[in-house]
Structure formats: structure tokens, C-alpha cells
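Both of the next two complexes hold chain A, though its partner changes from chain B to chain C.
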Partner chain A sequence: MTMSAQEQSTNLVVNHLPGQTWNWLKMNDARVAVDAQSATLEADTVKPEALAEGAGLSPIGGGMGPDYDKWIQGIAPAAYHTEAGQKIAAPLKLTYQLKSGATGAASTAFDIAKDSELTIIMDFAGQNGAAGTSGFSTKLHLAEGALVKLVQIHRGGADQRIFNDVGAVLENDARFEVVQLVMDAADTYIGCQADLKGDRSSFKADVAYLVQNEDLLDTNFVALHHGKKTESTINSAGVLRDKAEKLFRGTIDFKNGASGSVGNEKEDVMLMDDTVINKTIPLILCAEEDVEGNHGATIGKLDDELMFYMESRGMAADEIYELIAKSKLEAASRLIPDQAVREDVQAYIETHQRLEKE
Partner chain B sequence: MSKEKTYVEDVDRSLYDFRYDENDQDFYKVDSGLTPEIVEQISEEKNDPDWMRDLRLKSLEIFNQKGMGQWGPPIDGLNMDDIVTYVRPKTKMSANWEDVPKDIKDTFERLGIPQAERQSLAGVGAQYDSELVYHNVRKEVAEQGVVYTDIESALHGEYADMIKDHFMHLITPRDHKFAALHGAVWSGGSFVYVPKGVSVEIPLQSYFRLNAPGAGQFEHTLIIVDEGADLHFIEGCSAPKYNVANLHAGAVELFVGKNARLRYSTIENWSKNMYNLNTKRAKIEEGGKMEWVSGSFGSHVSYLYPMTILDGAGAQMEYTGITFAGKGQNLDTGMKVVHNAPDTTSAVSAKSISKDGGISTYRSSVVVTNKAKGAKSSVSCASLMLDDISRSDTIPAMDVRTQDADVGHEAKIGRISDEAVFYLMSRGISEEDARAMIVSGFADNVSKELPLEYAVEMNNLIRLEMKGTIG
Partner chain C sequence: MSNPLLKVRQLTVNVEDKEILHQVDLDIATGETHVLMGPNGAGKSTLGYALMGNPRYDVTGGSVLFDGADLLDLSADQRAKSGLFLSFQNPLEVPGITLGNFIRNAVEQRTGERVRLWNFRKQLEKECEILDMDPSYVDRDLNVGFSGGEKKKAEILQLLMLKPKLAILDETDSGLDVDAVRTVSKGVEEYQKQEDGALLIITHNTGILSSLKVDHTHVLVNGQVVGGGDASLVDEINRDGYEKYEAKAAK
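Right after this comes the complex of A and B.
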């Protein structure tokens, strides 16, 4: 039976704010009409020899939410696993060429064994003019003492709508580090949730973005502190220009029993035009006495003292803004652990990603 | 030092929990529930002008159409069919305490209202259930042209047009379900008009007492501070505790003129069976300043977010608030501000304390429109958890739509430092007193903004809340 286009279209509700607020702010979630995914996006894969394929995972929640899990469930995940104690130095590189027209999706699952280490670099790459919708799901289970560094680079072309969902469960002493760079894409939805289930487990996310033209970036970062003495850090820094819109949701959720835990989140947004829309909602939810949670946000123009200092060095205001904008992306790019990818991204920022409106 | 859990007893509220049984011959009341007939009955009882009667009926329609939001504390225990929306003592409003019926007068005397009036207030309004029973303003203040009266009198006097032009224009019945409810059944409250350039040196106060079990109080406060004028208004409220739900859905509309200043202070101490679903909103003109000082201690459930619209260039807002959520309380408080003009500023300092299973939520929104070039906003919120059976959430939203803005936000959540308690104990202070001192210090930002008598009352409330602490 062939379904009509209308029947294939679905209204996804994604990036649910873990603590709901006034509806008129339009921050509680994102509602997007999408077609049913119709093709699996294959990755150009550079796999370290020591990394084994196969073995799936029990369901793990991501930042995007159950609607998205349902939407992508028909895509069989590419699964990888490590052996106990295995420290894999070379990164797994997965490069996705985003296609025009079709609605494609890819799912990846990682089972990271006790005391093992893995670096994963995902590059969502596309060309301008390649209009389409792409969905990604990355789910991880980190056993005791495991370490995963996940780098995701969004340079998917200016005409792509991208859904990027990450979900991880961490056992005792596990550590999960995420670096995300968003440099272009028409509409980008990112959900990222780390369940700090084990004691002393930790999660760190560094996010940098440039959103311009009439593009949209909609994010939802969630750190669930279940274990004792767990730690989370969420740093988000970015630049908005033209008629861009961005919504940052960041939640530190201290569950009862997570004593001795610490959570920090910070957002620093530079606005370059009067036509941008910047929305920020950093939550701390707390059901435990013995915890420490902090969040801070700085939104708007550059600090007067910094402007004065740089202007006194002979720079014009516009130049200063351009320089600072570029520096925010470069700062995040320096966190990419692979030298070749790092240099490639820095070259992309320097050349292709000119921070000037033409 | 080993970490020891603290047990905090329930609050001794005998100061507020005394009550007099109301008998039918002294009170007029409508049936419980909410129907067009009841709304018309209230309207007739209050001798409303036609436009007010229409507003009430339209509001009822909106109330019936609107659903509840999916956010905020549950209000399942509130059944409008059980709530009596209008209870009037069979007495006329007086400007002389001696004329107020004895039981009602005794109530306000126990709460210290007549004494406060004599010592430190420019005027007092006292509402008992649905109606004002006392209203007075000092002669010298009245001679400055300051109007301080009940809304009902104002509706039929020389300020009738001013009331019509402002009443439920800032908070409209369409805002939310309980604003619509308020529009339908409002009763009581105060009208204040401060003429151009007049500075009222000492505060005015309205005190709201809800005595009837299962009743609602829906007072409306409308304050207009004209160009260059200055006013401090204090609002106090309390009720005895009953085993049935009581409801407070008041509305406060504040209009602050060019270069005028208004400070609005509230010490909310409703009983712990109260659903406090109150709406407050202020609109500030060019160069005007709005100052909110808010202490929330009572209620079973609270939804309270004073909103400020900075509508003129250079308008300012300051919010200083504390919320103390104890056993059986779910207090959702915070603020909203809209920067809608150039060079507007807002500064927020919000604190909350949760203990003994209490839930405290700080909820806010800072909206900066693209008209607000040069706007500055700074929000700071801190939450203190006193045990691990309580809950404290922080949900602050920011929506910024101009490049030329400077918006900052910081929030912290944590517990009383063991080191601070240890330090104080090493100076000979008991652990109970040390903890109470630390909490009082934490709340200092609010108490130092209140007139001395109210700061003392607030600190007493904190001490009561902390009483019973054992190491």
C-alpha cells in the first residue's frame, strides 16, 4: 500500500523542557512537521581497528524525547562496542553527506565497557542548496570507569533541517564529554541528555554556534543527577546575526539521593543585529539538600570595558564583533581531540564560514 | 563535624489562626459555586454600573472557556463548586475603628493594624472577607489631594471615569483562567490616586483578612501614581486555617506615571489551606520606577509573579523577594518584566527557602523587545534547601530581541554551610539559633527593604518557621 504524502507527514514534539513554564513564551518544546524518514543515511566511516561492531543497547532516553525516538525507531542502529579496559587512541570518524530532497536518518549505538575509552567524531556535512531533512540518534551506555569523547560538527549546508539526538547512561566513575559546533543549517534541533546514574560519574558539554540568515537553532541539554557526587558542566557560547533565532534549554536535575553532586551551566550569547531572537531558559531542578547548582547567562552586546580596550587598540566596533564571533567558534574547535579534524574545522571557520554578511 | 540532619517543626501560627465563628445574621453570603445568577447577584448587591455588570458576565464566559495551564503546582484540591465567592459582613465601611463590629475589630487589633496606623501609616484599608470594613487616610495626606478609598465608592464618585479607564485594562479577563474568575466575582480592594508631584512620605496599607471557611477573596487594588509623584503601598494578608480549601484570586493594577515612583510591598501570610492565585501588574512610563518587595510565607499553593511593563524610556524596575515553603506548601513565585522602551533597566534579587517537604519554585521571564535599545537587566536568584525531603526549582526564561541589550542572569542552589554553623556554634550559639541566624541573613535582602515594623514581623515569621530545629 502506498501512503500519500500527507499520511507520511508527522508532527513531532521534541526538546521538551523538563520543567514546564508559561506557554506564551513558546519554550516548553519544539513542534515540527516532518515526513516519515525514508532512507538510512550511510556514514563514511573511519573505524579504529580495535573497535568492534555489533551488540545493541536497551532503550536509552535522549534530549529530543519519545516522539523522536518513535520517529527514528525504524532505522537499524550501527552498533559498536569496546572491551573492558580497552583504550582506543584513534577516533571513530563518521561523516554524513547530507542529501538533497530525501528525509534520511541514521542511528548509532555504543556500548562502552568498563574502564575503556573511545573518541567519536561525527561530521554532518552538506553543500549549500542541498535542501532536505536529516535525523541522527546517538545512544551510549558507559560502564563503570568508561570515558567517551563525542564531537559533533554541524556544517550541513545552509538548506538542511537537522535533528540531532544524543542520550547517554553513565555508571559509576564514567565520564562523558561532548563538543558540538553548529556553523550552519537552516533549522537545527539538538537534544542531549546524560543520565548520571552511577556515583561520581560526570558529564561535560561544550557548545558553540553561529546562527545567521533566517536560521533556527533549538537545543535541549539535560543532566540528570541520580548518583552521588556526580558532576555536570554545560557551556554554551554563540553568535546570532541577521534574522536568526536560537533557543537554549539547559537543565541540571538533581534527583533525591544525588548528595554531594555539583552542576554548572553557563551561556554566553552575542547578538549582532536587532532582528535576531534569542531565547534562553536554564533550569535547576533540585530534590536533594546536599548539592550545589549554579547557572549564569550573559546575553547581548559585548562588555563595555572589552570594547573600550579593543577600540583603544585601533579596531572598529564592527571588526571587534567579527573577531569575537569567530573566536567563540575557534575556542570550541580547539576542544576537538583529533588534529586533522581540528585543522579542517578551523580552516572551515577561516574560509568557508566567513563571518560577514554579503 | 559530622553532618546532622535537621528536623523543623511545623509553624506556630496561633497569631494568625484565631478565628470567630461567623453566624448568618451577621453576614450575607451567596451560594457556593459559580453561575451567571451568582455573578448577577454579586453585581446587584454591589450596585455595579452597567459596564461593570457586563464585564463580570463576559469574564464568567471567559472563565468557563479557558483551561488550566500545564505548568505550575497542582490545584486539584480546589473545587469552584465548593467556594463561596462573596461573603459580606453586615456592616458599613467606616472611617472610625470604634464603629467596626467588635469581633472584626478585635481581629484587626490582634493583627496590630490600628496600632500600625497610629504609629507609621498614612492611611489604612481593612478588608474582612469580601468587603472593606474600615478605610481611613490621614487628613494631611488627603489635603495633598491623595485619594485612598475603596473601589466601590470610587466607582460611583468623581473618579468613576478614571476607574472605568483603568479597571482590568492592564490585567484583562483573557490573561488566564483566574484573571477571568477575578473579573467575574471581584469585590473589595482599594483605589489610590496620587496627584502630580505629590510625595506621600509614609506608607499606605491595605490589610486583607479572609475569615470565612470555604470562601474566596477577590479584592482589586488599583493604584495610579501620577507624573513625578511618589508612594509606598503595603499589602498584608492572613487567614485562619480550615480543613477546606480557601481561594484568593486578587488583582493588582499599578500605573506609574512619568518620573513617578511606586514601591509595593507585600507580606503574604495566608493560612496553609489557601490557594493563592493572585495577579499583579504594573505599567511604568518614561523615567518612572517600580519597586516590588515581596515576602511569601503562607498558602498551601501559590502562583505569584508580579509583572512589570517598562513602557517609557528610562523606566526602571527592582524586584526583591523571598519565598519560604514549609510542610504542605507548594509555592510557585517569581516575576515577569517586559522591556519595551529604550534604556530601561530591571534588577531582580529573588531568594527561596524550602524545608520540611515544602516545594519552592522560582519562575520568571525577562523579555526585551527590539524597541528596548540600551536595556539592561540583571537577575540573581538563590535557593536554600534545608533538608532532603523538600524541593526547590528554578525556571527563569529570557527572550531578547535587540542587539543593544545587556542581560545577565545568575542562580545558585545549595544548603546551609556546615562551616558557617560550626563557626557560630564555636561562638556559643546553639545550632538552632545558628541556623535561624543564617536563614535570617539569607533573607536580609527583603527585610532591609521593608519599614522597620514589617521587617521585624518578617524576621519573626522566619524565626517561627525555624523554631524546633534540633541538631
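Right after this comes the complex of A and C.
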């Protein structure tokens, strides 16, 4: 489907930090001038037979925020739903080819019924030199006891600007697991919000990245704890090199009534050059006394002793840097539940070369 | 020894401007097993690190020939590529890189050739069996969450896969129980059998030597080689300690 191009570009304000900090830090949000989307990005889809299409969702907030929802609202979502108790073993695979010169977008909605399970794998793939803007929106409603594993792979398209927004609402005992691997794109904006509405619902996000050249990664992860005894875990691990810039926002928001809830966020960043820019803002908001929120960050350079250990096995410095640069992605790739995709991604990481800008 | 594999002459090494090794001489021939003993702080590990090329260890004098080439001209990775190996006393943890992937990269760097995955995997499994090591370890992040014994076995697994000409084992047996020492010793013996490899074993423990025929023993005290002999010297030191040698070093 092709939509008519709109003439004006828009100034999007995305990835709002739920609690504001000093404006001069420029971490409260990201402001991006972007053209109106001109085309729907169609997915190459491998759908398990048992998964039904159709049925939309009531609006669900994502990590990117209302500006982005408005920008993408003209795109009709591809919708899927499960039946109660349905455990679908095979994953739904959606592969998007990022286009050159276009501003494309895709929206997907999932209505996951009570006690059902689904794995979704989204592959955002592009050829080097395919300069353009691509926007994605994935919204989910998980009914009581539902389980969703969402894997998103950003690869290819060194000159792409990508917006990736995820939003989920979880009812009692539902669980939402997200794995995101980020490679290559020039500018990547990721927003991911889980509303833990139901009691004992849980959310786990693992994001791994390699950001290099003068690329940017701007992320906003938000866990909204509404229900009692809810759990959230946000793990962000990656490597920055050259003149890359990364901004990680991680918010655990304990709302009034979320007693007995636990939230953990952890960041592990390896800085390989003095010229990188690394910004981190962990935020724990608390309107409930009986909760536990933890955050930790490890930010470091390559240790001399580690270098020597690896050199003593015959690896030259360049080779060590490459291995370490890929190591966080390798570790996260092991969380991909589908073996074929996992092996494909691992082969991609292994043979991944530094992409040159066109 | 007319043409030794390793020929160390008058080696002097500083660490942070303090002289730790003083004019050390050492010759090791292909296939020989040498044991280096000495009290704590004698400089044994310093010798291992300096030979391997750790930049923290500053060689201020002397020469080292390895397989006919000047070792001191080479970086650590070049020394490894030329056939030198150091088993670390405290192997480092490398999150995100599996033991198998690490060894594969190291083998490719050492040989300059791409390894064939199937053959590589078979070889790894075979060496794991020698070391009584569950092959699933090769899919775990290198040394992350490994026990002390598992880390040492992972070092010997690398030794078996990399097939160096000379391996320096820096207290590979320390902190291991009797069974683990025996297993590690078996792995070292296998290396020597397969490769006719030379060994410099830094140890306080005779357990690791049980499967090996020791050719020479050296005693290092206060950064100087103050004694040497055959395999019987190991037993003598275990019985009598270093007192006699410390007195000699003091002179």
C-alpha cells in the first residue's frame, strides 16, 4: 500500500523522560525533524498457521510518546490475535526491508488472549547505502497469564534513521520479554514501555548494541508498575566506538498501589574511544512504600590486563577490539528463542564489518 | 645445549621502576620440561609475564632468543603466534565471548588460516574429554562463573588447541584439589606427547609433575637464579625448603 506523500516535515519530540531533569543536559527527550511518512513498509511475513489475523486494539502508549503515535497514526496496523490458552510454538517472523530515499512506516498490533503464548521476531534489515527514514510501532495487549517474547533485530542500513516504538499493557500474571539487538543504523530511536497493570505481571527487556562511526542510539525504556507484586528488569549492554553517541533512559515507575513490586535496571557500556559520547539516566519514581527499585551501571574502557590476556593468545589489538565490540551482541543473540534466527543473527554478527558511509 | 628453543641471557626486568629480575639466564630445548621454583615474591611470575611481553614488565637489560628470533622485538600477540604460550595464574573473565569462540579466534590468529568448524568442534570435544571437562563449557562465556579448577582446565584446553612450541605454566596447579591437579597434569602430558612441546612449569606443588619427566629444575630467589639441578631437586626443596638458597641469594 502506498500513501500520498505529505508536503511538510514535522518536528517530532520523542522518548520523553517521565521525570524531567535539567534542560541543558538535553536528556529530557529527543527532537527530530522528520518528513511525514510516505509509504507503508510491508513485512515479509512467516506466520504460524495457528495465529489469527485481524482485531485491533484500543490505544496503547509506547516509549516513544504521543508525538510519534500521531506521526504514525495514518498507517493501518497489521493486527494479530491469539485464542485463549493457545500456545503457539513457531514464531511469527516479520522481516522489513528498509527502503532507500523513502520515509516508510509499519504498525503492528497484537491482542494476546488469556493464558496464550506467542513469539514475535521482527527483523529490520537494510542494504548499506539505503538512506532513508523508517518508523515502526508495535503495540500489544497481554491478557491474564499471557506470555509474549518479542525479538527485534536492527541490522543493515548504515545510512538509515530508524524509529522503533513498543508499547504493551499487561493484565494479571502476564509476562512480556523483549530482546533488541541494534547494529548499523545512522540514527536509531527506541522507545519501549510496559504498563504492568495486572498483579504479578512482569516485563524483561534486554537490549544490546554496537554503535560506531558518528551514529546515534537514543533509547527510552519505561516500566510502569500499577499492579501489586509486579516485576521489571531492564538490561542494556553495548559498545560505543569512533564518534558514536548513545543516550539510555531507563525508568522504573512505581505507582500508588504497586505494593510488593520489584524493578531492576542495569547498564553495561564499553567505551572504545575517547571521542564517544555516552549518556545514561536511570530513573526510579516511587509513589508506593513497599517496593524495591535497583539500578546499576558499569561504564568502562578495555582493561590492559584483559588486552594482554587476549594478546597472549595471538590476537592482535584490532582483532581484540572487533571481538569485544561484537561480544555484547553475541551475548544478547543467545536470548533469541528461535534456533534458525539465532544462528542467522550470530553469523551476521560474526561476519559483520564496519560499514562505510555512502 | 647448543641450539636451545629458548635462550635467556642476563635478563633484567623492572616493574614500576623497581628491579625485580636480575640478570637471569635460562636455556630450554625442544621437548624439555623445566621446573621453576622459589619462595613467594621471588619473581617467578615476573619471568613468565616478561617472556610473554606484558607491557607492565619493562625489560631493561639482557636478551631472549626464541626459536632463533629476538623475542624482545615482538609484541605479545606476535610472541604467541611464534609459538609461545602462557597459562595464567588468574585467568581473566571475558563476558560475551564464549570459550569456544575465543579459542577458534586464537587458533585462526596463531595459524593464519580459517578453521573448519566441524573439525574444530570435534577436536575441542576430544580435548575436553582428556580434561574431564563437560563440552558445554565451550559454549559458556570465557571464564565467567567458572570455578578455579574450571578456569585452569580452560587454560590447558587452550594449550592443547593452540599447540605452542613452549608453554609457561604459571602456578596452574594452585588452588586445585588433588583430582583436578591430576587431570590438569594429564592434559599437560598429552600436550607434550602430541607436540613434543617444551614446558616451563612454575609451581610449588609436585602433583602437576606426576605425569611428566622433569629435565631441569631452577631455583629463583630475590630475582636471581641461585640453584639448579635435575628432577631430584624438586623433592629436595619440598623436604628442606628454600633456606639454603635464600642464604646464597643474600651473599
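FYI, the second predicted complex is superposed on the first by the 323 of 358 C-alpha atoms of A that agree within 3 Å, B and C clash if a C-alpha of one lies under 4 Å from a C-alpha of the other, contacts with A are read in each partner's own complex, and residues count from 1 in each chain.
The definition used in the following text is that a residue touches a chain if its C-beta (ideal position, glycine included) is under 8 Å from a C-beta of that chain, and two chains touch if they have at least 3 such contacts.
All values derive from a computational prediction rather than experimental measurement.
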item: Chain B versus chain C as contact partner of A:Ser327, first or second or both or neither; value: second
item: Partner chain(s) touched by A:Glu292 [first = chain B, second = chain C, both, neither]; value: first
item: Touching partner for A:Phe308 - first (chain B), second (chain C), both, neither; value: second
item: Which superposed partner A:Glu214 touches (first chain B, second chain C, both, neither); value: neither
item: Partner, of chain C and chain B, that touches more residues belonging to chain A; value: B
item: Which superposed partner A:Thr275 touches (first chain B, second chain C, both, neither); value: first
item: Touched partner set for A:Asp35, first chain B, second chain C, both or neither; value: neither
item: Of all residues in chain A, those that touch chain C in their complex; value: 237, 303-306, 308-317, 319, 323-324, 326-331
item: Complex interface listing, chain A residues touching chain B; value: 19-23, 25, 27-28, 254, 256, 259, 269, 271-301
item: Contact set on chain C toward chain A in their complex; value: 52-56, 75-77, 79-81, 85-86, 88, 91-92, 94-98, 101-102, 105-106, 109-110, 141, 158, 162
item: For the chain B and chain A complex, residues of the former touching the latter; value: 3, 69-71, 361, 363, 365, 370, 373, 383, 385-388, 390-415
